[in-house]
């Protein structure tokens, strides 16, 4: 395995091996697996966790990194093929990716959804195009439809918390946010949970149905793993017996690319801010998960984030361990 | 000692030990004290010296760093508690600090004064809040009221120059600047000089009295160390017999948070630009100090900065040595 | 040799030694020549290749780097002497360069042409001023008139491709670009090719004659090396028997600093976009070179960039090897 575009790129065996290695690296974080190796990081969008943990992780394995941020110290990049580049973008990814790949032993790239055309973002073509341009190992650091490093870290978090694979009840709950957000994280969380064999409920207000290809993929994974995927608009029903509430906002697919139309639907939904009271029907020890960053008292109340249910900081900590294990998997003989 | 929020966090013994180690590191800069260790650096404000010297310093000790700059490649951060985050800020420091701390062996944070409310900035609460959120060693890289890495470097510079502790005459002189600047550096320089036992004169135009808590702290330190603190508006008198003139601008505390009102007072004070002629009453070998960055021919004339009195580049050089010694103090058994 | 401001700073012997070492480093990229050494990188303008390859290169040699980007996380820098700094710039290079030099074992600096005054940019004074302020080895990462790291990489690329030194036909062709660009790269490519002993043709539309000092220097180098320098406005004639077409845009020197006037001349020249059909009179295996970034279908057509003639990615790859060899030359006993 030389590219990690989505969790699918890891077979069940390799996924378990990566998770075991992540746990081992949590206990003994300093190795020299990446001695003499450089990881090139290209961030076309902002980052805190990924930016910090990829650098720290490579360094803790004896390697090093460089960071390129187009438009902030580096040239703005064009991504469309066959275009006449007489606008703002100065360089094309068709040059930038192969060039950076020559300086590095692997590339990690973040490129968010454009948010204009639902089908285009569902196809997640740009990250694949960039991976195809890269002759070295390639890591998706969040694309239009995938965030597999987050999914890997979240899987490890569920293991750490002893949330059962079979019979574990996982609720992916929509939450209010001032803007229509992308589908990458809800898709990543949903498909991860389904593949892990859990009973997954997608909870959201009317109008926020996840697109069919996303739900379809999750259902297929659940069918293989012995899990299930259900959709609900009823909060009490959805949280009944829940082990985990994973909170995330996303834009209404029916208004994709038309934020003004979507805002009309959205503005009535401010009460979709997770409160402690939501957890009434859940298991007493139910956990609150979120990939971060999170807007406090908009998506979730302080009482939840600051209370004992919240494992958001642990999730972020697992980004480090999971990504270190992944880099070893992609870059060394000890992996694969 | 696991956090360095102000020079107070070092006892006299440990302060001397850090200064001795800084001098040793100046002679032999390459060690492996930080082998396998990562320092996370969070810059909520611009930097040149701190940004470069923290990275170079960690690397020279065999360690590594990562840099997070909110709003420039990373998410904008909210710092206020209990707020509804429906504005520009995407992430709260209550998540960001614990998350980054998991990726690092220590955090260094820069967060300048907000400059709105004098009492709030005098309380220097934000840096303490962030340190409290950090379970790892924590270094203040300049806060609302403190710049202890600068103070440590300045102390070393005074030692290097053989400026006497007792009987050394240290003038902290206000200077003109187009904007009302923060109190962190004047407070750091004043309290450092007072603690070192020097006879300190604070020279400034009328209306620019340092706040009582700042002067009070300096006087208490001077009382313990055998030094003194005097305030003067008379340049000739203040510089009489001076060993050092430490130049810094700050806003008039009486107009704190109201820059338009302050500008009326300030615009008459353009002659507070340090000239060679100021040094007439000083010792012939009197030194000019400034923390940098400095606006040439606004705060100080080229003739002074380019002349033999100026030790501003040496001061900045000592940032490296002092911070390396401090990191060893905070992060290793060899420290503490 | 302790500073590398232009290719002239390397004698023929040392240039050949650096190229040999670059080739050796391409085969065996990991060494510890820079163990314990830090390279400070100051970017006053955007970069992708230089930013990434300097960091990766230093790391692959066992060293490390820090990056300072004025205006983006660091203070804006003043470069003019004797100025009253009451405008936007917060710090002067007269402080910034010596300060950064204390934290590093060498500095690399990028500072593009100001594009206001032709004579000023032809004098290339700012990079020299900064080198003079730096007591450590100093590397020009592209200045007003020079891009010697690019020239070194391009020389290596020509060697890799077995383009003959004597009798090799090298065409430097102007190309359309929406803006009037600087003279650094055309000057670097022209003087490199002339020094290498090739028969060089400068091809450009009327009004785009390179300034006399640039052409004069190239002709003097050609006279020493046994090469030649010719100017042509005739594409077919210029490309006749060419081994290499090196494409670059530059502003019309006669309208230097007056982009609106220049735009009138320029807007008729959109057909100066390199097409496959241009290569009719060239050698069948003629190569296309460009320093990157390049605007696709503006300066050069996709068919050329994506075809077998293009060596632009290899050129960029050679930046890494050439700069690593250069750092060893400047920083170690094994060099010089």
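Brief remarks follow.
Letters A, B and C mark the chains as written, and numbering starts fresh at 1 in each.
Quick note on the criterion: a residue touches a chain if its C-beta (ideal position, glycine included) is under 8 Å from a C-beta of that chain, and two chains touch if they have at least 3 such contacts.
Note that the structure is predicted; figures quoted are calculated from it, not measured.
Look at the contact of chain B with chain C and you find different residues on each copy: under half of the numbers used there are shared.
A rotation of 120 degrees, rounded to a multiple of 5, brings the CA atoms of chain A into register with those of chain B. Chain centres here are Cα averages; for chain B and chain C they lie 40 Å apart. With touch defined as above, residues shared between interfaces to two or more other chains in chain A number as follows: 64, 72. The touching residues of chain A, when paired with chain B in their complex, are 30, 43, 46-49, 51-53, 55-57, 59-60, 64, 67, 69, 72, 178, 292-298, 302, 305-306, 312-313, 316-317, 320. By the touch rule above, chain A contacts chain C in their complex via residues 36, 38, 40, 64, 66, 68, 70, 72-75, 78, 82-86, 90-92, 94-96, 98-100, 102-104.
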